[in-house]
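Each of the two complexes below includes chain A, the first together with chain B, the second together with chain C.
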Partner chain A sequence: MKIPVRFIASRSAFYLFTAFAAITINFFLPRMMAGDPVTAYMQRNAGQITPEAERSLRILFGLDQDSSVWEQYSDYWQLLFSGDLGRSFSNGLAPVGDVISSALPWTLGLVGIATIVSFVLGTATGALIGWRRGSKADVIVPISTFFSTVPYFWLGLIAIAVFSSTLGWFPASHAYDKGSSPEFTADFIGQVIAHGALPAITIVIASLGGWILGMRNMMLTVLDEDYITVAQAKGMPNRRVLWNYAARNAMLPQLSSFALSIGFIVGGTIVMEMVFSYPGIGKLLLDATTAKDYPLMQGVFLIITMAVLCANILADVAYAILDPRTRQTEA
Partner chain B sequence: MTTPLNLTRPASAGSPETATLRSPAASIPPKEKTFLSQLASSFAMFRNPKSLTGLVILGVFVAVALLGDVLAPYGALEKDFTALRQAPSWAHLLGTTHMGEDILSQIIYGTRGVLIVGFLAGIIGTAIAVVMGVVAGYTRGWRSESLSAITNVFLVIPGLPLIIIVASQFENPPLILIAAVLAATGWAWGARVLRAQTMSLRNRDFIQAARANGEPLHRIILVEMLPNLMAIIASSFVGTVTAAVLGLTTLAFIGVIPITNLNWGTILFWAQQNGAFPDFWWWYIPAGLCIAILGVALSLINFGIDEYVNPRLRSAGERARAMKKKGLDINETMTIVRTMTKTSTPSKQEGPK
Partner chain C sequence: MPDPLLSVHDFSIVYDVDPPVEAVKNVTLELQRGEILGLAGESGCGKTTLAYGLQRLLRAPAVITSGSVTFHDASGVDIDVNALDIEEMRRFRWDKISMVFQGAMNALNPVTTIGAQLDDVFQVHRPDLNRRERRAACEELLELVAVGRERIRSYPHELSGGMRQRVMIAMALALRPQLMVMDEPTTALDVLVQREILRQISQLRHEFGFSVIFITHDLPLLLEISDRIAVMRNGEIIELAPARELWEQPQHEYTKTLLASFPRLTGERGVLVR
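Showing the complex of A and B:
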């Protein structure tokens, strides 16, 4: 297979630009703030901060009055490249990087699995509804739309009220039972699954509607195309027409909206983690905002943006594999 | 014109088009253009059952928001310490909170907060989307590319975390600021769709003709293009409002925007803070349902607009149902042609067989 240099180059340029924009937004965010968080923090913890740590905090916050904004900006980049995201106020000055890396696997596991399940399930359902157009299956569309317009957190709260508090089927919060610590045993993995099931199911139900609707609408458009008629006229089995001809082409816009809606899904799951007290990135961000822990807020936002960009790159790769046209733009 | 030639089939009876003969349109005199008919035609995208249902539901919410002072039986924060956490009764139709506040009144007053912020965000967001989308679509070269790059960056950057961080920097953010932040993170999708549509319009004949006539740029964009973009602008407005309503209630629920701005999310915030789950259902069910119903109403409006923009969405279902009535399956194309020729009455088959 020929390597689509031009496609890769233009997409890389876009991702580099987005990463640059996100980091720049991140740099300017604390500079719009009123007040001086470092001084306030120093007063609360007098004598516990070394001068180097204080200088590092001041660079991160832009309170380094001696230097110009431009110098601060380059200092910020240098700190980032050395892997220094600052220190978290609310976690006893632990490095932000460490705090985040302890929370990240939980979110990646929960949100990643739930999102992929929802995408696959929703796309397949949408393809079938589109294929059986005008049948009773159309009812699924308004029902799933209702669930996708319901706020995530409300759905989560109701799920807890019904399935945890009343029926007692699932544990209501946290990622594993109190008193146990992460280890690779069957018992612990069982706990993780039991605790993750309810949040995951809620995310799937809440996000399914968008995929179903998008895929159904694309299927209705694609099924009207001449190549579908030709395929059927050739006597090709319907199953093959449905999945290999119609669904495969209708998938393409789904993939690009998958890439673009990841940011939105991540936003919804932040609140989900709050509702389920799930120890992931979203809960970290909310705790950081309550504690006015600016370095942690900045770090979490940066990590979320980078995660969304990575997911976008994956969606791009999938798109390029499915759609030969993107690979052939060289000609 | 003789009747057999005027063979316009009823719109629903879709079948292979071979049997249709269309008479030239000249037989129908063009309607006289009045200001009202023009105005009506620019709202044509709403003229379908789905959009109308959505608009009616939205209208009810708007009426509730406007008439809040008349409808609400109590003040929003009026406390009655003799009736705490009461289940629904005739005195309090939706029960009371832990402070004895009437929940129905809170929901009625909350509608105002939700709709004001939602519509403000929708207006600001759509304005940005129209400017960015149309300019990026009409221009070529680096201008178009850079505007579309900015749009894509805003699409990719996760909105809610950013809003949480920005909103938490303010002690008491005013409504307009909340709306502006919601709009700033919600315009990009509309801009992207508008850019694509503008790019396809740019090369149509009537735009080329206008350019050849020497019409100024602002006239080409305002008079020639915008009317053709109205459906997409409306749909992007509705989409931004939907996202803003969800965003606002989520922010209120998290507690990053002040509780003085009463909306449905604030009610849920108080419900969760004061242990309403799972026993005091009247405290949290109605507010969440209101968000969902408003969301469904807005989605219905957009379903209708989608079907207006892409008629295949509507006709596909109708055609399939019409064929089912004749005992045919739409996915069995091979049999359709044969059965159609056999069963159709000769008087209606004027076309080539």
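Showing the complex of A and C:
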């Protein structure tokens, strides 16, 4: 395969600029808000902080000097490249990087797997339903769409009420049993799976409808294309026409939605993590917001932005591989 | 002495909608080995439905309501196309009868290389060929239609309309079928490219000896290239005669109207002015 240098270069330039813009906005956003983090911290711990402690906090957050915005901005970039995201108030002044990296794997693992399963399952089902249009399989569409339109928190709560409170099949909350700590043992991995099953299943059920509907509709369009008739006239077996010709082409638009949903894995699961008290990024952001923990919020925003960007890059690459027409840039 | 390749008897197709549309009505025709049969008629007269119906390529709501299609194979075996089961039908398609479709632009899959689409045919119909043999066969086909072997890794959007149609013809030739159905193969092309493609088709036909059913609404074109011409109207074949006969003594009123409707270069009305 020819390597489309021009295409790669223009996409890279685009993404670098987007990343720069996102990081810059992330810098200015907290500065537009009223008050500073130390004042907010003081208010929460009213009376418990001595003036000396306050001064050391101000030094720690760099609020003691009268530096200009531009100096702050360049410092921000320097600290960012050295991996220093500041310190989180609501977690006993632990480095933000550490706080985020303790929450990120849970979200990535659980929601990532659920999203991929949902995408693969939904796309395959949609392809089959589209292929056998007008058959009884069509009833799957309204049923799965119903579950997507039901508010997620309601679905989650019902799932907890039925499968964990009443039937006791799954634990209701958290990522592992109370009292155990993360380690690589069969017992701990079993706990993680047991705790993750219910949230993962509810995510799959809630998002499946969109994939099925999107794929089915695309299949109906693609199946009317001439090259499908040609493939059939060529004596291709039905399975080959279905997967190599129809589904192969119908899934291209699905791919961009998939990239978007990968981007939302990190930030878009606040409700799930709330309902299941799951210790992921969404819950972290929620806690940071209620605690007015600006450094942590800023860190989480940064991670979310970067996740969306990375997902987009992945989608671009996948699209370029699967659809040669997108590799052409205007000369 | 007649040496039939395909016998169609009392063939009818109905689109089962409300009200039902009788797209093809009791068509009977016999195609000789090595012959070019032209199928002419206005849009919507059932030409394409008939061609698709021969290979049972139609989807619901189209229903074949009566008739038989018999393919007299070169091996001497007569194949009753309507009696084939799904798997036999699949193997029959393209191997015995191949097709060239009207929209050269849309008939190729836009996201795979033309090489892969040619290769597909061999993979499915000639599973005993290995990768290198298939590749050699694909390259040979592309050379044969003057597209050139170096195009094997091109995508359809990188080729002109004429080249795409040539690729389609190469694909149709792949298994050396005994019959090629051409459904308006040149309609979307300008007259120069059209001329070139037609020359190529007739040259290939001399080389490989396949029969052609050539579907078009361009009657003057048919007069020039076909041995016999069938004129279709409202699903029926209203006149079937050797090209010269049809040109000199059209029997049916409709045929006369059709012939009279094509202007001459000199401005007089009709190819035929009597």
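Quick note on the criterion: the second predicted complex is superposed on the first by the 291 of 331 C-alpha atoms of A that agree within 3 Å, B and C clash if a C-alpha of one lies under 4 Å from a C-alpha of the other, contacts with A are read in each partner's own complex, and residues count from 1 in each chain.
Just so we're on the same page, contacts are C-beta pairs under 8 Å (C-beta built on N, C-alpha and C of every residue); 3 or more make two chains touch, one makes a residue touch a chain.
As the structure is a computational prediction, the values presented were derived from the model and not from experiment.
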Partner touching more residues of chain A, whether chain B or chain C: B
First, second, both or neither for A:R248, with chain B first and chain C second: second
Touched partner set for A:D323, first chain B, second chain C, both or neither: second
First (chain B), second (chain C), both or neither touched by A:L309: first
Partner chain(s) touched by A:Y227 [first = chain B, second = chain C, both, neither]: second
Touched partner set for A:A291, first chain B, second chain C, both or neither: neither
Contacts of A:A124 with chain B and chain C, given as first, second, both or neither: neither
Which of chain B and chain C A:L29 touches, first, second, both or neither: first
Chain B versus chain C as contact partner of A:G235, first or second or both or neither: both
Common ground on chain A, meaning residues reached by chain C in one complex and by chain B in the other: 134, 229, 232-233, 235
Chain C residues within the chain A interface of the complex: 52, 55, 57, 60, 90-95, 98-99, 101, 103, 106-111, 113, 120-121, 124-125, 155, 157, 168, 171
Residue numbers on chain A that touch chain B, as the complex places them: 14, 17-18, 21-22, 25, 29, 32-34, 131-135, 138, 142, 145-146, 149-154, 157-158, 160-162, 165-166, 217, 220-221, 223-224, 229, 232-233, 235, 238, 259-260, 262-264, 266-268, 270-271, 274, 285-286, 289, 292, 297-298, 300-301, 304-305, 308-309, 312
Footprint of chain A on chain B - complex, ascending: 149, 152-153, 155-162, 164-166, 168-169, 189, 242-243, 246, 249-250, 253-254, 256, 265, 268, 272, 277-278, 284-285, 288, 291-292, 294-296, 298-299, 306, 310, 312-313, 316-321, 324, 330-334
Touching residues (chain side chain A, partner chain C) in the complex: 134, 225-227, 229-237, 240, 244-245, 248-249, 252, 322-325, 328
